[in-house]
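Listed below are the structures to be examined.
After this come two complexes, each holding subunit A, first together with subunit B and then together with subunit C.
The block that comes next holds the complex of A and B.
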């Protein structure tokens, strides 16, 4: 127990150090320009913190809920839905790009709605139905996005970067308002999910075990599906589909802190936030051109995770 | 007598197809399509892409596909004697066409001067060198009429808003800017279309911002957090009414583009 507290203390101090570094480190070393630090880097760090954290959090929930170690937050078709939503936004030619988070969210919402209707047919469902529905909707929306990409005569950098993940979002008053509202909702969702940690512990042991322990399986799967989907949809709308974090961080957390969801959930959040902030720091300082953040998370994350896996086997 | 006349007519018709007529070209580059039309050689153009939309008549020519993935079958079916394409975008297609024994011509000028040379080369292909030289002379004359800026103004070109993408040193547009006397704030980037950071834009503090993404309003840029520090935003020097096709395609139209841009900067020294 004491060991755990030391680890946690280490984690939090590392996070604060990292936030400090991200705020003041730019492409040409340290800089303290007030406008840049407060208006460009601070939103970026906050975006990285919330999206990284939420993605890891959602990944942890889905892996337990669906009893599948390969689940990541995008398995339910949310990222593909978001990309499709941005395509829809392009069709309404007059709107400015500040509306694209709204369209991304709309796309995700359509995806969630369709998955729900596919998976919860006649009111009951099982895990496999949910995963399959998610994967199928994901493919469907990817194909629609590709169709759009082929036929559109506009450069589609925004969609490509949405699929790759991108924290370079710049806010104005309008987007900031939406961002604050949406994240306020997502924090409420985070808390509700946390209150379901006991159910998640039971569900990760299998449906029968959970039901014998008094968990209402049908109700829990429905509630958790909705909460995590919206959590992810909100993050993807602003930061795009940052890969790897939602898949690996929950495993990493379990390696270090054990499999109890009461600790896995909050610590996944912190670890996810740390990893995305580091990745963003690398992505925007290491090369003269900004790298896609998913490339950084995967390139540096995969070997590190393999090393951990080797040591623990 | 009638029969004899018809026979003469028949002979005349038979002799009509001269050597020139055998040229059949496909253009996979909208810029080359524009050059071909400017040289009045469109009769030899048998295929182009869905992006070839200028002049209006270019739209009527048989479409072989888009820029990245045109249909090889359609190109082969047209039996072209030459296919125009651009590097690096269409390097793959070039290799495929060469493997199919179809001749290609790579046209990727990086500056105004290279573009003029390119026009003459394309003229030579159609045996219209004189016409091409005449066109280049008139374009150069038009260019020389344009007054350059005395004071260097810093300019930020935005091709895409989220993430911000601009133009680097090696792009054609960079040369145009230098011609007028504008300084591209990202001329230190070596790639053609680099992704840049908002903090770099704020730090480099451009005097002018030119938006080349359609649908964008001036307000979309000036309302961004942190941008209020930029000179261009302070003095409302954000330009969003220029058609990107006039600047991003290396065709004779750029001269018009430069004129339009100079007209916007008319109050500057």
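The block that comes next holds the complex of A and C.
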């Protein structure tokens, strides 16, 4: 128990240090220009904190809910739906700063409802069907996105950045308001999901065991599925589909702090936030041009995950 | 009038796109009874147990649990009556023993997943009863299969149920462990006034432990009575298609089946 507290202390100290670094570190070393810090770097840190945290949180929920440790938040087609939405938003040209996130959100929404309904049969949601439907819907939206990429005359890298995650979202008064409202909703969702931590422990033991322990399976799966999906959809709309965080962070958290969902959920959030802020720091300082975040998270995440895997074998 | 733990009336059940399994099955299980269910593979034992646990819904018929309609109870109410031990358990995440036993308190925790002092007390008591208290901080992956079974039993007891539904509780265990488990269950049954529904392939184990035995074959009721009247050469021969010899066990006078 004491050990856990020490670990938590380190985690939070590290997070504070990291936020400090992100605010004042740029391509040319440290800089303290007020406008850059407040208008450019602060939004990035906030966006990174919320999206990284939410993605890891959502991944943790879905892995337990679907009894599948290989689940990530995008397995249910949310990211592909969003990416296609972004493409459609591009068609509005000058208004795309507004329509891209909106359509991203709508795209995820459509994907979520399609997947849920495809896996719903005779009053029950089938977990395996949920994953399969997610993968299929994902492919479907990806093919539409590819079609768009081929036919649109826009430079491809703009789309690539949005699909692969990027924290350089341009805020104006209007988008900022939407961002604040959406994230307020996110926080409420995070709290509701947390209140189900005990049920999530039970659900990870399998549907029948969970039911025998008094979990109302259908009610829980519906609630948790929609809340986590919306959580992810909101983040993808603003920060793009940052990959790998939702898959590895929950495992890393379990590895350090144990498997109980009451600790896994909040600490996945913190660790996810840390990793995305670091990734963003690397993405915007390491190379002459800004790299997509997913490139960084995956490049550093994959070997690390393999290391964890080998250690546990 | 005796109180019935279970009254199963005229049960009809079939899996989707399959032949009907149960067509009008009726049985009664008395309170505090050790009730074993035996029958060949595919006879519907596990399905029956899942129906009794409320995990499957019959197409027709009623299941009455201590005078309540099983299917009008909420999930949590049901979990306070029934402890269900599944045939197989798997853990995708490496929980500690204590965390797993605590999950048995799910029907009692409040809406914000908060664990009370009483929950902790019950969990510790259940770990003592099943002799798992010394394992409480171990990870489930570090345990032997016998230890795992005791942990799951502790989790079920933490639900403070009135009935235990045990699906092949003693399979994959060595002989001494099997007897130890039977004795543990007998002690728990007395201490907590439990009704035990025990599903097994081991006829001799059913013989020494049961008050009554139900024999089913392909979903059909064959017989239900005290062990001496079920474990008879002709009945076993008919259902299992073997030629057994039945003797009287010299120590406990129960039927002893040799094949």
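As a convention for this text, the second predicted complex is superposed on the first by the 300 of 313 C-alpha atoms of A that agree within 3 Å, B and C clash if a C-alpha of one lies under 4 Å from a C-alpha of the other, contacts with A are read in each partner's own complex, and residues count from 1 in each chain.
Just so we're on the same page, a contact is a pair of C-beta atoms (placed from the backbone, for glycine too) under 8 Å apart; a residue touches a chain by one contact, two chains touch by 3 or more.
No experiment lies behind these values; they were computed from the predicted model shown.
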Superposition on subunit A - do subunit B and subunit C clash or fit: fit
Contacts of A:170 with subunit B and subunit C, given as first, second, both or neither: first
Subunit B versus subunit C as contact partner of A:288, first or second or both or neither: first
Which of subunit B and subunit C A:260 touches, first, second, both or neither: second
First, second, both or neither for A:36, with subunit B first and subunit C second: first
Greater residue coverage of subunit A in the superposed arrangement, subunit B or subunit C: B
Least Cα gap, in Å, left between subunit B and subunit C after the two complexes are fitted on chain A: 39
Doubly contacted residues of subunit A, that is, touched by subunit B and again by subunit C: none
Of subunit C, residues touching subunit A in the complex: 50, 53-55, 74-80, 82-84, 86, 89-96, 99, 103-104, 106-107, 109, 111-113, 115, 155, 159
List of subunit B residues in touch with subunit A within their complex: 50-51, 66, 159-165, 189, 191, 194-200, 202-203, 213-217, 219-220, 223-226, 228-229
Footprint of subunit C on subunit A - complex, ascending: 63-64, 67-69, 194-199, 201-202, 204-206, 208-209, 211-217, 254, 258-260, 262
In the complex, subunit A residues that touch subunit B: 26-27, 31, 33, 35-36, 38-41, 43, 93-98, 100, 150, 153-155, 157-158, 161, 166, 168-174, 176, 284, 288-290
